[in-house]
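Two complexes come next, and they have one chain in common, chain A, joined by chain B in the first and chain C in the second.
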Partner chain A sequence: MAKSDSNSPVHESSLGSAPDAVASFEDDRAGFIKKLQHTLHLNPSMVPLIVLLLSIAVFGLLLGTRFFSPFALTLILQQVQIVGIIAAAQSLIILTAGIDLSVGATMVLSSVVMGQFTFRYGIPVPISIVCGLLCGMLCGMISGLLVSRVRLPPFIVTLGMWQIVLATNFLYSKNETIRAQDIETQASLLQFFGTKITIGGAVFTYGVVFMVLLALVLAYALKHTAWGRHVYAVGDDKEAAELSGVKTGRIILSVYMLSGLICAFAGWALIGRLGSVSPTAGQLSNIESITAVVIGGISLFGGRGSILGTLYGALIVGVFTLGLRLMGADAQWTYLLIGVLIIGAVAVDQWIRRATV
Partner chain B sequence: MSTSLKAAAAVLLVTGAIAGQAQAGAHTASASACLITKTDTNPFFVKMREGAEAKAEELGMELKSFAGRIDGDHETQVQAIETCIADGADGILLTASDTSSIVSAVEQARDAGVLVIALDTPLDPASAADATFATDNFVAGELIGAWAAAQLGDEAENARIALLNINVSQPSVGVLRNQGFLTGFGIDTGDINRWGDETDPRIVGHDVSDGNEEGGRRAMENLLVEDPSINVVYTINEPAAAGAYQALASMNRQDDVLIVSVDGSCSGVADIQDGVIGATAQQYPLQMAALGMEAILEWAENGTKPEPTEGKDFFDTGVSLVTGDPVDGVESISIEEGMNRCWG
Partner chain C sequence: MMQPHTQSSEHAVAPILHAKNLVKRFGRVTALDHCDFELYPGEILAVIGDNGAGKSTLIKAISGALVPDQGKVYLDGQEVRFTSPLDARKQGIETVYQQLAMSPALSIADNMFMGRELRKPGFMGQVLRQLDRPAMEAFAREKLNELGLMTIQNIRQPVETLSGGQRQGVAVARAAAFGSRVIILDEPTAALGVKESRRVLELISEVKARGIPIVLISHNMPHVFEVADRIHVHRLGKRLCVLNPADYTMSDAVAFMTGAKEPDVEAVGV
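So, the complex of A and B:
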């Protein structure tokens, strides 16, 4: 690895704890652009937040109360909740400079396990749910072991796991959908995350609340715990992290297992959203989650970015999708604009990376 | 760790072996056929394969089944056709993912003396196949459209209609069902070959559902934001209908909205029983496959090709309206009968 990078994690973490006065003597750079670049470097989630607020404002101006109503705005939250949760899992993995193509498949298999254990074997619902969650964690563990112990590239490992998990899902479920009405009468706990909270015109579901809480908890853990700092360190420069005593293998394994578990929760939330257990759902979740992560300003090279940025990234996609739909635009325009956003986000990321800290 | 990996590997090997055995099957057969479906996961195609397998056993024919990985997987279907030609099959039953691109592969098969029958989905042009065994999707749409109009009675004049279609590429099956529904309801379709150009003010809008629960819910939510007064919902199939119902239920609108659909799967008919869907047009995939197998045997033994249904350019395998609330002037079968004849 490049020698010049090898001390950066130590450097960065000491930056956080150092008093401002120490840093200030460097800050004689001139110009608004430089300062902006510097600020964005320290707060990687600022760009997606600004884009999100701007896009809400623009669509609000164009569409008026049809879009700018508590009902429509909270509907966006409901529509992005699944991708939002999955994207949180994806963020963790991408922060370690990995990538997970199997997130959607893991989610669907977990939801199928929860449903089929309940309906095929008559296992009590809470136990089935725990089994589903464990199933997700197991999928993550297999990928994690292959990446950390066998040292295979994450892309290859999860490309394989994606196929394996998806095929297992179809073989095991026989592609049978479990109907919403059966779940409602016999196992309503499976639909827990679909429970609504209505405040005025705004409608929140437990799934939406979970997505937001998850992002906040992960953001806290990543910033303020040793584990979190180690995740960043591993992604930034694995060898340097290892040399400074971080057990990188364990960190990577823990990240994949946690991400598998989060995907399983997404599977549970998916049942709440669809009402039913559908083995064909979530086919594009892996791509959608990577999209949210990239738009959210997390670097695909690892070690930089914030989980709140991912949440904003997912919401930006949701705002564009509903906004353009309400304007009557062809669905293809949404995809086109999302493509522009992805490239724009990475371009901005590259520009910020050039900032001198 | 290594034990769990070994276990996983063992499971994979065993499943592979089972799949292999299933494909080998009977050998000394009088005629051999190939079944190529869009996917092997959709219950509609699972049922089709079961129908073909049962018929093959009954007639002593050899059957090999192929399927695309996902809906739209054109490459795998072409490979399957090439495999069947090389294998010397007498006939191919095909539900094409890409109805026009597949034509060149189909021509290759027909040049090699293989009978090609399109099941469920006509090719583009339909004449590219030797015969088409399919549901009349326009009639299927007409049935549910007429039923919905009759249910509303005089209020049909003021209906607020949402149309949940399949996807933006407007495949022929989706167009036929949608236009059939509008015609049955008494609405001018404009250009009969595409949806979305209607001018009737009763139509709130179209959205695409991908034919699954996820898309059905999203599409219904989007249309409800546009106009919350929607009271009639057409859906491309029953999973989309189930998704639309969830969206309506989350806004407490499930009881004053009529949902109609097409398919007649067992879970769809159960949804009618539970009041999720008002009526559905049931189609018969088992029948399509069974008739197809008979036609291939006929071709292998006597060299005769199947004839289309009179007045149509394909062999109509029939469609029935299933509902718990029959109306005058629209023929329908009961939920019980629908349950007896359902698939999946």
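So, the complex of A and C:
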């Protein structure tokens, strides 16, 4: 780039003697706070991780071994497994700047399909399970097509789908519960995710293992594959992503379908957790999954955050719930504190965002 | 390195990019009104026009970001129908849009390779579809160094941590790195300071020296008259005339594009 003198017009002739550094910037931000802000900006899941470890430490100090035991700590994992799986699905959608209000309904309908196909029609259990998984994926596909092709806002689409799927669930199941004993004796594969692994005092279920593996696999896919980068790009700035050559419609559709499939897996895990198939289960899953996502530091505006953050978010809620219950506090204290955490998480998110420049 | 004053109306060669009779309407607004456009091999064609004249719409129509309601686009004599920017990119047409088209939260390397990521060879890439980050980062670093536009400390830093000029540099580097047939730059210097603008202009000359034709949309008359071989004047949604910068002054060009003066017959045509 030494040509600049010869080419430039007369009025810019002094440029040759100007300093060469262009738009370079020095990091003159001293101080611990600024550095912390910058680090958190680069690693958005660190905040929920710190909060999680702190809350475990605090409850551990207050409650001693009642809380700080392998049994109690793994109990938290078991209690959050369903929300954790659903929240992973929710995270994917929220990363694309959408929201899915139908996750809970999709989960329940899928579990009902698995149960009813087995018990009403006598279809072999593995096939019923596959049908249930396909059912969840189909629900996601309908939402995905409406969002990506018809270009309706995700909030409206999934608000509608929530009602449609939930009503379908009640109409189809005739509001019948399939009893746990029947499933146990005739179709134990439906309770697969409830299988327990005991190591010392720690009790894990396959559902817990699945939740952790799912989070790890999704974290890998989001970070290390082109698909994952495109998911972030779509949520960050859809138009820019489109102009830089991302097939945004396809990405959005794939995210909704994958999320529907994950919800169906949550439905299967739900049977393992409850033992029975109940069409009235999981009514709070929507709000609980969004809570985990927000506490986990994923931005509701899309394109920022990580799936591991969501897992930490779900665990934070679990720690508070169990910790406060063991302390004998009124359950309303849990909701109150979770409310504080949600607002705190978003405030921290905004603060980190200002580290941008 | 360039022959600045070739008389462009005597083109013996066929245009590399050619649009005929383009029409694009947005509701009741006609943004392109039976507009023609030609770009010849190896040249820098400037497109000038007042705000709202339809320059950006023209660029989007030939780069696939918009599908025109009517009209045809030819690349090397072959009719092409781009329905997305990706179609145009596959044909070697790279565009730097005014809004830069970057994902702020993603890294420089991620942005440069958006939509054409490299995967690792073997099992990791084919089965696990893992991105080849080191290769992409090395390539991005090399291209940015070549460009000499900026002192990037970390190729992994998110684009949102860059200044406006640096972002522009990344966008131009991306186009220059991948554009094999045509590069389209929409207002590449609008957000830049004097020195940064100069670097971008130098880059434009370098790309031209490689034989790749450039379409340059700009408001900056000194820049246009400095680098352009021909000037396409756009007014009210269509091409008013094509000027040879050697024959006209900047004030003539401004007068034509604002409608203060009508071009004489010789200036019209190609």
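Here are a few things to note about the model shown:
Just so it is clear, the second predicted complex is superposed on the first by the 328 of 357 C-alpha atoms of A that agree within 3 Å, B and C clash if a C-alpha of one lies under 4 Å from a C-alpha of the other, contacts with A are read in each partner's own complex, and residues count from 1 in each chain.
We take it that a residue touches a chain if its C-beta (ideal position, glycine included) is under 8 Å from a C-beta of that chain, and two chains touch if they have at least 3 such contacts.
Everything numeric in this text was worked out from a predicted model, so none of it was measured.
When the two structures are aligned on the shared chain, A:325 is found in touch with chain B, with no touch to chain C.
When the two complexes are overlaid on their common chain A, residue A:186 makes contact with neither chain B nor chain C.
In the overlay built on the shared chain, the residue A:226 is in contact with chain C alone; chain B does not reach it. In the superposition on chain A, A:195 makes contact with neither chain B nor chain C.
Contacts of A:237 after superposition on the shared chain: chain C is touched, whereas chain B is not. Within chain A, not a single residue is touched by chain B in the first complex and by chain C in the second. Of all residues in chain C, those touching chain A in their complex are 65, 84-86, 89, 95, 97, 99-106, 110-111, 114-117, 119, 128-131, 133, 148-151, 158, 160-161, 163, 165-166, 193-196, 198-199, 201-202, 205, 222, 226. By the touch rule above, chain A contacts chain C in their complex via residues 1, 3-4, 7-9, 12, 15, 18, 21-25, 42, 220, 224-227, 229-230, 232-233, 236-237, 239-247, 303-304, 356-357. Every residue of chain A that touches chain B in the complex is listed here, in rising order: 66, 71-72, 75, 78-79, 138, 142, 145, 149, 164, 170-171, 174-177, 179-181, 194, 196, 203, 273-276, 278-283, 322, 325-326, 330-332. By the touch criterion stated above, chain B contacts chain A in their complex at residues 1, 4-5, 8, 12, 15, 41-43, 46, 70, 168, 207-208, 212-214, 217-218, 221-222, 225-226, 239, 242-243, 245-246, 249-250, 267, 270-271, 274, 276, 344.
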